[in-house]
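Structure, as structure tokens:
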Amino acid sequence: MNTFGRNFAVTTFGESHGPAVGVVIDGCPAQLALSTADIQPLLDRRRPGTSDLTTARNETDTVEILSGVFEGMTTGSPIALLVRNRDMHSGDYAAIKEKFRPGHADFTYQEKYGIRDYRGGGRSSGRETVGRVAAGAVALKYLSGFGIAVTGRIISVHGKTTTREIEQEILAVKNAGDSVGGIAEIVASGCPVGLGDPVSGKLDAALAGAMMGIGAVKGVEIGDGFAVAGRFGSENNDQMTKTGFASNHAGGILGGISSGKDIVVRIAVKPTPSIAKTQKTRDIHGNVVDINVGGRHDPCIVPRIIPVAEAMLALVIVDAVLEQKKYR
Amino acid sequence: MNTFGRNFAVTTFGESHGPAVGVVIDGCPAQLALSTADIQPLLDRRRPGTSDLTTARNETDTVEILSGVFEGMTTGSPIALLVRNRDMHSGDYAAIKEKFRPGHADFTYQEKYGIRDYRGGGRSSGRETVGRVAAGAVALKYLSGFGIAVTGRIISVHGKTTTREIEQEILAVKNAGDSVGGIAEIVASGCPVGLGDPVSGKLDAALAGAMMGIGAVKGVEIGDGFAVAGRFGSENNDQMTKTGFASNHAGGILGGISSGKDIVVRIAVKPTPSIAKTQKTRDIHGNVVDINVGGRHDPCIVPRIIPVAEAMLALVIVDAVLEQKKYR
Amino acid sequence: MNTFGRNFAVTTFGESHGPAVGVVIDGCPAQLALSTADIQPLLDRRRPGTSDLTTARNETDTVEILSGVFEGMTTGSPIALLVRNRDMHSGDYAAIKEKFRPGHADFTYQEKYGIRDYRGGGRSSGRETVGRVAAGAVALKYLSGFGIAVTGRIISVHGKTTTREIEQEILAVKNAGDSVGGIAEIVASGCPVGLGDPVSGKLDAALAGAMMGIGAVKGVEIGDGFAVAGRFGSENNDQMTKTGFASNHAGGILGGISSGKDIVVRIAVKPTPSIAKTQKTRDIHGNVVDINVGGRHDPCIVPRIIPVAEAMLALVIVDAVLEQKKYR
Amino acid sequence: MNTFGRNFAVTTFGESHGPAVGVVIDGCPAQLALSTADIQPLLDRRRPGTSDLTTARNETDTVEILSGVFEGMTTGSPIALLVRNRDMHSGDYAAIKEKFRPGHADFTYQEKYGIRDYRGGGRSSGRETVGRVAAGAVALKYLSGFGIAVTGRIISVHGKTTTREIEQEILAVKNAGDSVGGIAEIVASGCPVGLGDPVSGKLDAALAGAMMGIGAVKGVEIGDGFAVAGRFGSENNDQMTKTGFASNHAGGILGGISSGKDIVVRIAVKPTPSIAKTQKTRDIHGNVVDINVGGRHDPCIVPRIIPVAEAMLALVIVDAVLEQKKYR
């Protein structure tokens, strides 16, 4: 179950400290002009090691196209994209080899599989998203031909909302050996009416699944989201005028189908579970032990989650665009 | 795209004012004792016409088992469940046959399909959930054999939290020809560790998709949800003790896999879009018109959404339980 | 796993002697004119009791449309089709309740599920194909709009090839309390170039799976089939001329993709396993016993398999037609 | 649509003359001991350049494990396997860049996608099967733990049946600039009763689809296959004795479910379409032209198709084994 999408089907592979991470895209239409130059910029935006605010792990994340592109054009065949891992300090993890890091998937993976690649979280690492982002970049290239664009931004970090406050907060938290959460918003503009399928292929359902499937995300809202719980219907309905909808409380989706307005999604991002402070946990033998999570970590994952969330939104939309073409 | 789940695959069919609504369950294990007595009670909980707080449409929603059960036991074959529609006042909809009701899927369905069963919303009606609830009841019966139970409750309606306040608010809103939203919480207890699959089969992703796929839901939270955005990692991580996790901020899911703690989901439910107050909208010819949505409607859908959300949570969990068995 | 197809997804349900058989079609495009008159004729062709050559079971097989059609047009919603079972002589099966009929699925179902609806084979009965044929009729209606037609014919029965020989052979076999096999051919004409998808969605692979999935089919050929094993490449390649392919050894499919020529499929049909002659078998307790299969059976299933095979070919093609539209 | 299987899901990628071919396996259970030594031998059996009877293309086909294995054991994460292409004479294809090779997929790919990697057939090349064979080797390793084994053999080539006759025939055909077809048989032994799912997941249907999905295969038989068309039921039914079935006409499958007997599949393989003899065809501009297919080709693909067919049989069975575990 490592595949997203049924039309533009994206299968990621790879572990944080294995030889490589990557992705296979099955279903990208033929005759799309595509080169690594279309993919690398989005990868660079999620790349670690670019500022004091992110983990010190230094990866160039250079992508290679292994298949599906011929003379600069997609052929309709699967597009395999590969990124070799380079700056792996697997030794950092020896101390916690047998300990379950609180807030991480160590315990659940160990219980589920009876084995666990403990180096940097293995498959559960955020590094897996390299594949999603690479695929998302291809999706964005394809969507741009339809006039569809996706943008993300930080709404708040620990309640702070200005760039300056947010940077200060993250640095302070980093110095304290702690981490902090926040909220991000992703918007898709230019979507036609009609994307999404009743009943189990609703666009908002697909978006919620895609967003909640990003590690660290604990909440998803479409349009006005939780605010609707305090509204009257007369306030919340988007009335229609000659030129379209007079408002967009619905976040661009009605009955699971895009309305033509901007598609607006917000996600709640938890504080990175890897913190330097001492915590209580268990080891694989059942003993309660202290743990100090070493290695190199992001004090706040919100900035680096933006390109991932953009990629996921793009993947959901491209899938719906292709699905919709079946009925035209 | 009217099928949920890949192991316990549930396909609903039927429109609000068509001959029947129903569901086919493909993948229910054999040798489960099953009769309509296992299904009817949950259907009765979502049934309309049971109090002043709900729509006056009066349906008995009597379920018939068409297949898959032999001498009181499931056989492993598809279980088809049928509920005939009875109390249909299709005439109520003549006045709005050509108008797009604000907040409803009328406009998006019309644009997507070029045709629309306008009677009560057709396929986009909440009546479609009869099939989901019937299937959910079968899932709950199966899950009960594993000690898994699901319960839902209203958290708030328009900010009100006590039963008395909520009932008063709903009646007041009804009398005002308006509607109101709220928040519900659904909890699954007794789940084993290990349900859910990385990367695209994460349990929280599946839950978010299932919940957002219920009409009127605009937000989904797992565990502490949006509150995590204001937390430090040291506050938010669930530390482990000898007996397990010391807290459950994560809502029972880590890395997309169940941790053994209660699975906790909250949903934001928008005010019912059908209101008596006059609204502005468009008709299918492009004219701006006034609309007064007649018919019989719920002033607040939160109470009746609870059994639907319980059913969806059960469907997600049963699917994960079957998936997990493959790797044992 | 009772669903065929990913775009025009067809889920059948029902047992030979249960209350009903039926099907849900998910993915039929909107705005197709559809009524029971489009479906009943194909059902009538597979219906039992129409001549001395078939089983004496007498079913009218009257189909009811439960959903997905509004004012005579499909709406894009799931189309549920229902056929009630009527002429069920379940008592006929009491004598073989505990015995595994040779050549039938009794033994494998019992071992797989630990329970078995023994009345007429339950789910493994040919009666399940009512749902497939009903769905196939809808597919054929849709395909007719593209100029695609499907026809089937008997090639041989027990080596006999003329209608007169075949009828005589079947009656002789019936009188002898035995049964007999044969070969049928199904052809789709009017298919455009480009249907089918590499690598796992090849049209010939889908056809082979669909045909082999019909009970009693033990062999499938595309185009010249097994004859190619005795050919040179220079004989077998279809060369091209100004107007297209000069021959059609390939049966209309190259590299898994339709070539524009007729799609030609042949199937080998085994003799009906239900025969009056005494056979050796086991019962569910492990004893070796004699068995005489009573009930009402077809001495040769080839004639009645034709509409089923036509339906399956139509379902495969309609799925490919919709898939192909995604890339246009 | 480049993914086989729903539980042990295998997605291949890569073109004949691109940088690499490979595969991602999603769903391989954890804790399987696995190294390249388990995979390389089956790849070596399908490798070109090993005798006078095969193409002269010389590839070492050395496989690299990119993910999913940690300290010699599978982790439950996707297993990505990569084989770099090395001996590519893309120049060989310049002469036929614009011509559709008869019997190949050139024409159908060009029409479907509007673009075509003409070098060695690109994606439609037999080289794509490197990924399938690598995945099949992993499946075989897993199945060996259940006592399941798969073996294939040549039945005939151009009617010849002894090894000596076959080798002489292939060499003669090669010298004549032609090619020749044949028949192969693949058998799985040790399968438990109960594999396969009614109605659309029948084991024989899956096998037929998998086999027909191998390039060059034009016919598939299970058990006695086409011979059943000339049988009486009393001859063809496998009667049961104390120790099991007295015969295996059914080829180990009843009602789509494995019976515990050997699973027997035969395939008809067409003559390799690439021949040196002059043929008539069209070019992409619509002109009728002569073509002499240069490059390096197999005069008979039957020997090299055996490991591919073994791999496909293994993939079908492993998928059914995992599916079956859900219901235990």
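Chains here go by letter, A, B, C and D, matching the order in which they are written, and residues are numbered from 1 within each.
As a convention for this text, contacts are C-beta pairs under 8 Å (C-beta built on N, C-alpha and C of every residue); 3 or more make two chains touch, one makes a residue touch a chain.
A quick note: this is a predicted structure, and the numbers were derived from the prediction, not measured.
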Which chains are in contact with both subunit C and subunit D?
A, B
Which of A-C and A-D has more C-beta contact pairs
A-D
What chain is the most remote from subunit C, judged by the mean position of CA atoms in each chain?
A
Report the inter-chain centroid distance for subunit A and subunit B in whole angstrom, where each centroid is the mean of the CA atoms.
26
Interchain centroid distance [CA atoms averaged], subunit A/subunit C, Å
45
Between subunit A and subunit D, what is the gap in Å from one C-alpha centre to the other?
37
Can you list every residue of subunit C that touches 2 or more other chains, as numbers and ranges?
1-3, 12, 27, 30, 76-77, 112-113, 123, 198, 323, 327
In the complex with subunit D, residue positions of subunit B that touch it:
6-7, 27, 29-30, 76-77, 198, 322-323, 325-328
Would you pull the subunit B residues touching subunit A in the complex into a rising list?
1-4, 12, 100, 102-105, 107-109, 111-113, 123-124, 128, 156-159, 173, 178-183, 193-194, 197-202, 204-213, 215, 218-242, 246, 250-251, 254-259, 268-275, 277, 279-282, 286, 288, 323-324, 327
Touching residues on subunit C, where the partner in the complex is subunit B:
1-3, 9, 11-15, 18-22, 24, 26-27, 30-31, 64-68, 70, 73-80, 82, 112-117, 122-123
